[in-house]
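What follows is chain A paired twice: with chain B in the first complex and chain C in the second.
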Partner chain A sequence: MTDTARWSEESEALAESVMAKYPQKRSALMPLLYIAMREDGYLSEAGMRRVADLVDLEPAQVSSVASFYTMYKLEPVGKYLVSVCTSISCWLLGGDEVLEAVEASAGVPSGETDESGVISPEHVECIGACGGAPAVQVNYELIEGLTPKKATELVEWLNAAQPATLNGDEMQALFGGERSFDWAINETNDATGPYPAFQPHGTIAALDRS
Partner chain B sequence: MSEPAEFVTIKLNGEEIQAPAGEMLIKVAEDNGTYIPRFCWHPRMKPVGLCRMCLVEVETPRGTALVPSCVQPVADGMAVETGSPVALKAQEGVLEFLLVNHPLDCPICDRGGECPLQDQVMSYGPGESRFVEEKRHYEKPVPISDLVLLDRERCILCARCTRFSDEIAGDPLIEFQNRGNGTEIFTFPDEPFASYFSGNTVQICPVGALTAAPYRFRARPWDLLTIESTSPFHTEGSRITVHASQNQVLRFLGVDNGLTNQGWLSDKERFGFEFIGSPDRLKMPMIREDGEFREASWGEAIGLVAARLKEIVERSGPDAVGAIGGAQGTNEDAYALSKFMRVAVGTNNLDAQLDDGLNPDFLVGVGSRARIQDLESAKTILVWSADLKEENPILYLRVRRAARELDATLIVVHPARTGLDDLADHKFGYRPGDGADLLADLAAGTQDYAPALDALQDGPVVVILGRTGLSEDGGLAEAVASFARDLPAASIMPIVRRANTFGALDMGVAPSLLPGRIPARGASGAIIELWGKVPATRGLDTAGMLAGLVGGELEALIMVGADPVRDVPSGSKAADALRAADFSVAIDLFMTDSAAMADVVLPAEGFTEKEGTVTNLEGRVQKVNRIVPGPGQARPDWSVLDGIAESMGSPIGLPSSEAIAKEISTVATAYEGVSWDLLEGEAREGAVVPIGDVRQPLEYIAVNAEQPARTKGLALHLARTLYDDGSAIRHSLSLAKLAPGMTAGLSPDQAVDLGVEAGDLVTVSIGSVTFACPVRIDRALADKTVAIPFNQPGIETLDAAASVLVKAGGSS
Partner chain C sequence: MTDHPLILTARMHAHPESSHTIATYEATGGYTALRTALDMGRDAIVEEVKAANLRGRGGAGFPAGVKWGFLAPARPAYLVVNGDESEPGTFKDRQLMERDPHQLVEGTIISSLANEVNHAFIYIRGEYPKSARRVQAAVDEAYAAGYLGANILDSGYDLELTVHLGGGAYICGEETALLNSLEGRRGEPRLKPPFFPAVRGLYMAPTIVNNIETLSNIPWIINNGGNAYSAIGPEDSPGRRMCSISGHVNRPGNYEIVEGITWRELIYDVAGGIRNGNELKAWVPGGASAPWFVPAEHLDTEVTKAAIDSNGSMTGSGAVIVMDHTTDMVAAAERLVRFFAHESCGLCTPCREGTTWLDMILRRMLAGHGRASDPDVLYDVSDNISPGVTWPPKMTTICPLGPSAVSPVASLLKHFPEEVAAAVERGTQVPVSIGIRS
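Up next, the complex of A and B:
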């Protein structure tokens, strides 16, 4: 195994502490991928090599896992990842049109990022909000019951305001329609790091608390 | 194997059969003559139930269900229908789906004609496709290594290749990438599928997605002639099939001999076939005249060799002649060499090893010899030898399997990092030269060694031993064997690397041995009858002969398939010796560096061009077969030697390879009962000699290994790599470029001391040879050690015993 480039001290320390929580190093693969994403803003080849080195896998095995999950981004993503659900419930209630509206106002198709690096539209499979279809997430903060028109406004607002933090309840009030049920804890996603994901990227924060 | 003795009764297509409990349905059906179609299931790998081709109907409490039979263990009372309308419909459906994205480019596919997908679509497919949509497209074949190409359009995602690489070979360099419709097999960018075993994936891929560069577009399967044989590359004696067309050997495939290679081959033995058809093969006898070679007739060349040898024997006595080699051919060739030297010349100066192996008495005489199959039941395995991955790759796979799948405790002792380290429960390193200290500590079970010593008390134990490197004294391996013999339940497997070394030793190509593992001083019975008087004093070994040539005691040297200049660990001394020789003759396939210094060079037939037997490292005798003629006027070694003896006026009477085989079984005690008929019939998996209750003829008496003098300064670890500059590889174009080239392995601390990092250039001097090469960091190395690969292209041969100097910087 070749020696790979180390991450920042903080990330290296975090990686150590994550690995220490598992009886086998390779079990830490997925959380380490989040650290790699935070380091580079996406999962770069160098990042995957570093993970492979840390958990004693071959890089091909690491990218096999990384490329299976859509929330691991193998390419840089804009400031706001706008995920439009096109699974069955949302599709029946106009998810496709919502997606088209998002793409149109972002000016790029799903899977790409606009020129200024602000909006990345994507279509996703069911995000568990079927009762509030059609549903959209911005940096994984949920908005339900959008119309194509509201979706366009959402993208325009993101572009203009470029908020530092996003809050689902607030966006729901501004752009959403009918809500399926009370989402309980109202937590702001302040994942405004170089790429959008759970804070800081979910798993890690949870591990830090444990 | 430790199969559970329990049996269950199942109903297979209405017929009651007995099957071992827990066995998978697909295997049980096959063992009972019912073939269930399959793609992903492979008898030597864990089942995954991925392709769904093997669906059958099984009766369950809730009615019949379609079940993938490769992941369904049999249970008592199970009723199975493999060909019911429902099962057939399901199989048809699976095939229709598999073909949705398959390009059906069979006319330009290497696999066409022997493709499991083609075959099963013919037998179980719907015949028509309802699919009219555009198929998925990928860039057509992309090389994923120097040897293997991948066509993702053809891939049916059975994961055989990825499972092989991970489970069997331990090189998981290819994996599924992406998912759903976009799933593909691929490598990581800039990390090619550089596995020593990559060719196996080409053989087991059930479609033409993986193809081998050396065979691509060379033939159609139905045009190939095929014959079964035994691989000439490693001492494990892998079983193979040889495929040829129009007198050209085009490929080797692995045959599943459960006792040895289990179907797998190293890439060296799979693709090394290329040397056979090399344009550089010797075609005519050559005689040196005024410093230049000229072609000659066999009559003239043999006449000259016979006359010169005779003259030297008459002038200086038979002990002025010596022979090196015999380990690259068949047992019949080796027997001819042995008889030639004893009978026609009258000396014991002959050696099949090139000063890089072990004491021959020890190799063939050490008691309680282990068989490869013993690894299946071993509880503990001690490997104290060369890196198996580099030198005995099939044994490497078997040890890997024992440690990984069969839970054997693995102890590895080696001065550098080896391919088995990651699987080892205990790994001990030492500075080359300090092995005896480590052995003493291990035997005493001091501190760190206590758990390993405990494991070694827990039998059955298999101890694999050999020289860890060329700079190590062979006596250490004998000392390890003595230690192993005192363990309660250990069997011993001494190993060397060169193809038929064990066969050659069994044929008496050693200064102290006669055919059949009999000491040279103990000739009796059939040998005396057939051979007459044989010299009784111990002859010279290779090192002795080379020194003798320089010193003048030896005047003539015969080299049979041996290239001492490249292969002896002090090659420059070999060159000096050849220069000093009064007369030397090389019988070889190529104009090797050594042959180029000889007076006469005689073209020999090689593997696939001659028939005979070979003996592997456990004493297993197997048949090799002929499928193509040799180039030009090449002749088998035995026939050349027989001709020379005849011309010298002391005939050895060997008219054919088969006649030699018969003579071997009469003369060589250990080979009693071995016949070609046996090996072609009942014993196609080979017969381990001595057969039956015959006692091991040679009693090896352990010697006390002397503690070698401690190396001051840097210690040298000089070790071979799978691909090097040996003549078979040099003339196999696909492999020649794979030799890793020179590097200097250093421990991290040693590198810091020298002020260098991985990849930096250093200047290494070994004796009189100086070269610059990049640094490689090996954490397993002791400090004050440098690890150097032996016999790399473009570097003079190195002297394992010389002192070493390493300086930072590349200027030499």
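Up next, the complex of A and C:
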């Protein structure tokens, strides 16, 4: 161990429990990168150095892994990452037009963040919502069956309300249409905080088995 | 089709508000298969799964019981459940994870028992946080109920089950790339041989990799017997399988089908036909990697593995993407190729360079700068990725991702040469070339 800055007590404890779930601690590298993103708001160099320390790798090895995957953001992104699917099934039903509406409403193109740091539009490859195309995720919470008009309203709502937590079912009810599969289970605990905190019930929480 | 009971989605249909909970799962016969399996022992479980002739539902379609038979004797051995569902058009595993996670967990426990595994992993793609929450909640409930952990149901059998989240990479659906990813490495596939997972897999130990849907069938097979399963549908590909239908149909969604109906029945009866009464133009029968089918040749052929294979495509992930007569097929091919160009891991030159060039050429054609040589160049690049452009594809790459990008291009050239020619024709009327890579 070198002298890398420790994370918050909560994150350090979570890192320890995550590493204990694998026969070899390097396997915890990817979940640790999510924890690093929660600490700094993106995957910073300091965060990657901390992960390297925890799993006994060189920082360059961690960076090499992090840069391979699209969900590890090496630059800061806005409070809400709005991911628009433009793969085949969404494209067939207007995914490109939804992306244009999101970009126009945010005022910046895919891959950038608006001036106030609230909205980061991005186009993504298939997110497994082909039956409810076109589909969008906000901080990875899914909304299906959007139209360009509804996508514009979604971005306007995010900007105006700036909700502390997001609920996929609420957003679906407000802005979505038909889903890939629709059942009666409504989510009461699906709220996730601003990207990339994923709290209190988002990606990080899924790692944290009680 | 209606003669057979639903297997995978029965519970979520009957209990739409609570199918994901352990209470409903147990109240509807859940975890009885585990108790039976603990009494049966390893060999008898494997025999039932072999008798079921359950084929893998991830794409390759290899019989699960036979795959288990390849597991090398060294221990520890691992079971890794592949929930990195990313093939465009596919959303079946998401439904199985979100709506009936205990069925998956029970299937995973029984499969681990059958393969002498004491630590299993469920790898879920990072973009599926709801699936991860649901599966993790089910795993927590199973631990609390004594179905996981040490000395399961006083049987002396121990199993740890870890839920792992991916980071956004289609390539991790390839089993050896998935193992690298699970080891905390870049998701690049491993060369086979020597790294067959059954011999040298996770941590170089014998490893079974099975798809979410495949293992969700296991509790039913143990409860009802392998012979009951293999009696459903065609002999060569029995049972029920999830079919994700998307695109220009009136009723897109996941359907649990028995093979043997025709494509006409699947598209017009099951999925409600084409939107606005439009004409069917083409469909992708088994995920983005599969060569296309067209109505004149294939509409009245059977939806069976044997028929799809002999007609030059594949069942794949079970995803059917339907396109009506308004679809620009050059644009559709580009959209599919773009995916593979984006998702190529970059390890093998024919795939890294080839997918990118295929995409650039198709984009240039769409931008009005097609050239007379483009069809030949598209074929030539395809031929360098997959020599002969045959089906099943020959490979110059470690994994099938590169050849997958050839499928839409070969399908375009074969079935829609007039649209390719029209794109070329438009190009000759546009005098100035422009930058093409966005």
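One rule holds for everything that comes next: the second predicted complex is superposed on the first by the 185 of 210 C-alpha atoms of A that agree within 3 Å, B and C clash if a C-alpha of one lies under 4 Å from a C-alpha of the other, contacts with A are read in each partner's own complex, and residues count from 1 in each chain.
Please note the rule applied: a contact is a pair of C-beta atoms (placed from the backbone, for glycine too) under 8 Å apart; a residue touches a chain by one contact, two chains touch by 3 or more.
On a predicted model such as this, the values are computed, not experimentally measured, just so you know.
Engineer: Considering only the touch criterion stated at the top, classify A:125 as touching first (chain B), second (chain C), both, or neither.
Structural biologist: After superposition on chain A, A:125 lies in contact with chain C alone.
Engineer: After the superposition on A, what does A:45 contact: first (chain B), second (chain C), both or neither?
Structural biologist: After superposition on chain A, A:45 lies in contact with chain B alone.
Engineer: With both structures placed on chain A, which of the two partners, chain B or chain C, ends up touching more residues of chain A?
Structural biologist: So, of the two partners, C touches more residues of chain A.
Engineer: Quick check on the superposed pair: does A:88 touch chain B, chain C, both, or neither? Answer first, second, both or neither.
Structural biologist: second
Engineer: Once chain A of both complexes is superposed, is A:72 in touch with chain B (first), chain C (second), both, or neither?
Structural biologist: The answer is second: A:72 touches chain C but not chain B.
Engineer: Between chain B (first) and chain C (second), which does A:63 come into contact with in this model arrangement: first, second, both, or neither?
Structural biologist: A:63: touches chain B, not chain C.
Engineer: So chain A touches chain B in one structure and chain C in the other; where do those two contact lists coincide?
Structural biologist: 64, 68
Engineer: Spell out the residues on chain C that touch chain A in their complex, using ranges where they run on.
Structural biologist: Per the touch definition, chain C meets chain A at residues 12, 16-20, 76, 85-91, 93-95, 99, 119, 125-130, 132-133, 136, 139-140, 160, 162-170, 181-187, 203, 244-248, 252-254, 284, 288, 319, 321, 323, 327, 332, 335-336, 339, 342-343, 345.
Engineer: So in the complex, the part of chain A that touches chain B is made up of which residues?
Structural biologist: 3, 45, 48-49, 56-64, 67-68
Engineer: With touch defined as at the start, can you tell me which chain B residues reach chain A in the complex?
Structural biologist: 171-179, 186-191, 422, 758, 777
Engineer: Hey, which residues of chain A end up touching chain C in the complex?
Structural biologist: Residues in contact with chain C: 21-24, 26-31, 33-34, 55, 64-65, 68-72, 83, 86-89, 91-93, 124-133, 137, 140-142, 168, 178, 180-181, 183-185, 187, 189-190, 192, 198, 201-203, 205-207, 209-210.
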